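For reference, the structures are reproduced in the following blocks.
You will see two complexes here that share chain A, one where it goes with chain B and one where it goes with chain C.
Now for the complex of A and B:
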């Protein structure tokens, strides 16, 4: 099995001023596992992802135990605000993300093959010269996903990438992520589509300021627990 | 480097004698200002693309205006009137760092904060000028505000060259990281970019290239040469490669044309003004191309 990471979160709490966003979160994800995070809007899912990425000041402990050496982390943000008039095409954007060589000199030779293959898998190769501003919401999500796959990540964190993705796109995403899982990578996937979560997740955690429930989808995604998500107010 | 500049100036004089160049090129100050233009153009054109991509046009405007205060402080402290570089660089860099620090820490909207800093810097500069110009001819300051080709010396070219090498080196090394930090800091951090450090390096770089270009382009107009060529290139390009190349070409053409045309046609306007008018003509042409393409 390839490199992956076991993640353990203990008593994670975080506040923005007087607003307590996360409260005593305890969470575990294993290498070779797809762990979906669900919950109502404003429940702290994105903040939780950013805490895992080391981008927040928080209380509590987050431990990463890599199976081999420290691996590559991929991240797919929810949205990206690129000035509509900026001449950044798909290849430029990926080059900006993945390499040190200035993106205006083109994609680095050592990444070229993987960039082509990844765009092909995501059905975006024929749009590689399109400006980012000319892409639909779903196509932008595919490009954001593509950059996270280069080089191959051992930990992939996705923040609701499926918001604007159509059904065929969702299937492509799931297929690629399943491939990563087979290679031993750890996938933390913030998701809003409960039906999809039941199909793809090995584990699911519901976060609404704190962990409401966590476990295997079959055992925890029952009517009683799901009602808890949708009957509660944001952050309650 | 003085030896090299002498060779260039002598070669130009020989070409003038041979009838290959206009008469005005026999003057050392003309060649000096053209050498400055050939350094300023590529430097501002290249870094301008990152300024535009990071939406920092207004920020660089504030830095340009802060140069006036730096000059006044330098003159008051007894630095040479034609090159008060210690105060000029020190003030512009401190101003850039303090402005960036306030922007990051206050959470205020950028344009409001920059507007305050820009106005304050101009006000302080204007007030200090009253003291600074007691013993000097105030018209010397016109050159600093709107640019002048008369005062560029060997040491000015050396300074510009050093800043250009630093800026272009840092720009090439940190281009992707700087742009990514602006587009999505979270994504940049995941890719191992120390976003805050790059943020500060970039504003210091803007301060350095702005101040180094003040003599030729002028403190009021230098920001325009950072922005307009990049904005013109953005109008007609569909990739980062052509964006950077065209921005460099447009800035260089503007800088050289802005110096040569007023001199050859004996138009009494400052070099900074002429350079920016050339850049604006290019911008309008590219805008027309964009409009035609869209329709």
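Now for the complex of A and C:
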């Protein structure tokens, strides 16, 4: 079995000033599974993902148990704001994300082949010289996805990557993510499409400041639980 | 298996890094400023027998020097106009009405200098020394213009070594003039005379680092 990671989160809490964003989160994900994170807007899903990346001032314990040695973590952000006049093309952008070498020197030779193949898979190869700011929302999302796949990640954290992607793009994304899963990688996928989650997820956790429910989709994504979270009449 | 605890983001290293960066940038910038200042000071450094017109002269002395600085050009032009003959002091003061030779009110206030011309032309070497002795050393010191240029055999005209400014202007607070037949840099310096150096606009810009 290829490398993957078991993630264990214990009593994760986080506040921005007086605003408590996450409260006593307990969470587990196993290597080789797709663990979807759902929840209402503002429920702390993105903050949770950033905590896993060590980008927040969190309290509590986050443990990564790598099956073999410490592996690569890929991250696809939800949205990226980029200045329209920034002279960075697709290849430059990917170079910025994947290598230490300055991007103006081009993509590192050791990644060149994989970059070409990944862009080809994502149907973006013919736009590799386009300015990043010239791309449509869906195309940007494909590039953001591409950078997370190079080098091959053993943990992939996705923050609603399908938001602006068309149907064919979504299918390519799913196929690639499935391939990673087959190779033993762990996938944490923040998703808003509940129907899709039921199809692809091995486990699902709902976060609304704290973990509302967690388990296999079939057993936890029932009407009662979902209404509790997503109904406009929640709390009544 | 390798276990990694994900540590929360910490600011302390960023703050430390920022502080080190600030200290390094300020240090390097200060060093560069200090080095460039030394270089610029050196570019206008005077020799031991020279003084700075701006820094070392005062009031009346500066006024006389400024007049002389302009007058030497006129003297050069008159020398050509008069058929390679140096204008006399009388011509400068009366005919040409040229300061500081003209004996007017300002002349009186500035020490009533008595000017003397020593003409030392020898063959194709034309050499003139105008000496101004102050009668009131409290008002101003003594001045001397040393001019020298050469004529080639075919008549073409060469200015002195310094083609831009073929004169040197000298100053001494105390009156002690070498033998008039032997006035040169070599005899003026031991007698306590100092060559006055005027910074040009270019020098000044260079000093300020804008050139």
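Note that in this section the second predicted complex is superposed on the first by the 231 of 236 C-alpha atoms of A that agree within 3 Å, B and C clash if a C-alpha of one lies under 4 Å from a C-alpha of the other, contacts with A are read in each partner's own complex, and residues count from 1 in each chain.
Just so it is clear, a contact is a pair of C-beta atoms (placed from the backbone, for glycine too) under 8 Å apart; a residue touches a chain by one contact, two chains touch by 3 or more.
Source: prediction; values computed, not measured.
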item: Fit or clash - chain C, chain B, common chain A; value: clash
item: First (chain B), second (chain C), both or neither touched by A:106; value: first
item: Touching partner for A:58 - first (chain B), second (chain C), both, neither; value: second
item: First (chain B), second (chain C), both or neither touched by A:77; value: first
item: First, second, both or neither for A:89, with chain B first and chain C second; value: first
item: Chain B versus chain C as contact partner of A:68, first or second or both or neither; value: second
item: Stretch of chain B penetrating chain C in the combined three-chain arrangement, among 58-66, 148-156, 256-264 or 274-282; value: 148-156
item: Interface residues of chain A shared between complexes with chain B and chain C; value: 53-55
item: Touching residues on chain C, where the partner in the complex is chain A; value: 1-10
item: For the chain A and chain C complex, residues of the former touching the latter; value: 51-59, 61-70
item: For the chain B and chain A complex, residues of the former touching the latter; value: 49, 52-53, 55, 172-173, 175-177, 179-180, 183-184, 186-187, 189-191, 233-234, 237-245
item: Of all residues in chain A, those that touch chain B in their complex; value: 50, 53-55, 73-75, 77, 80-83, 85-89, 91-92, 95-106, 129, 131, 147
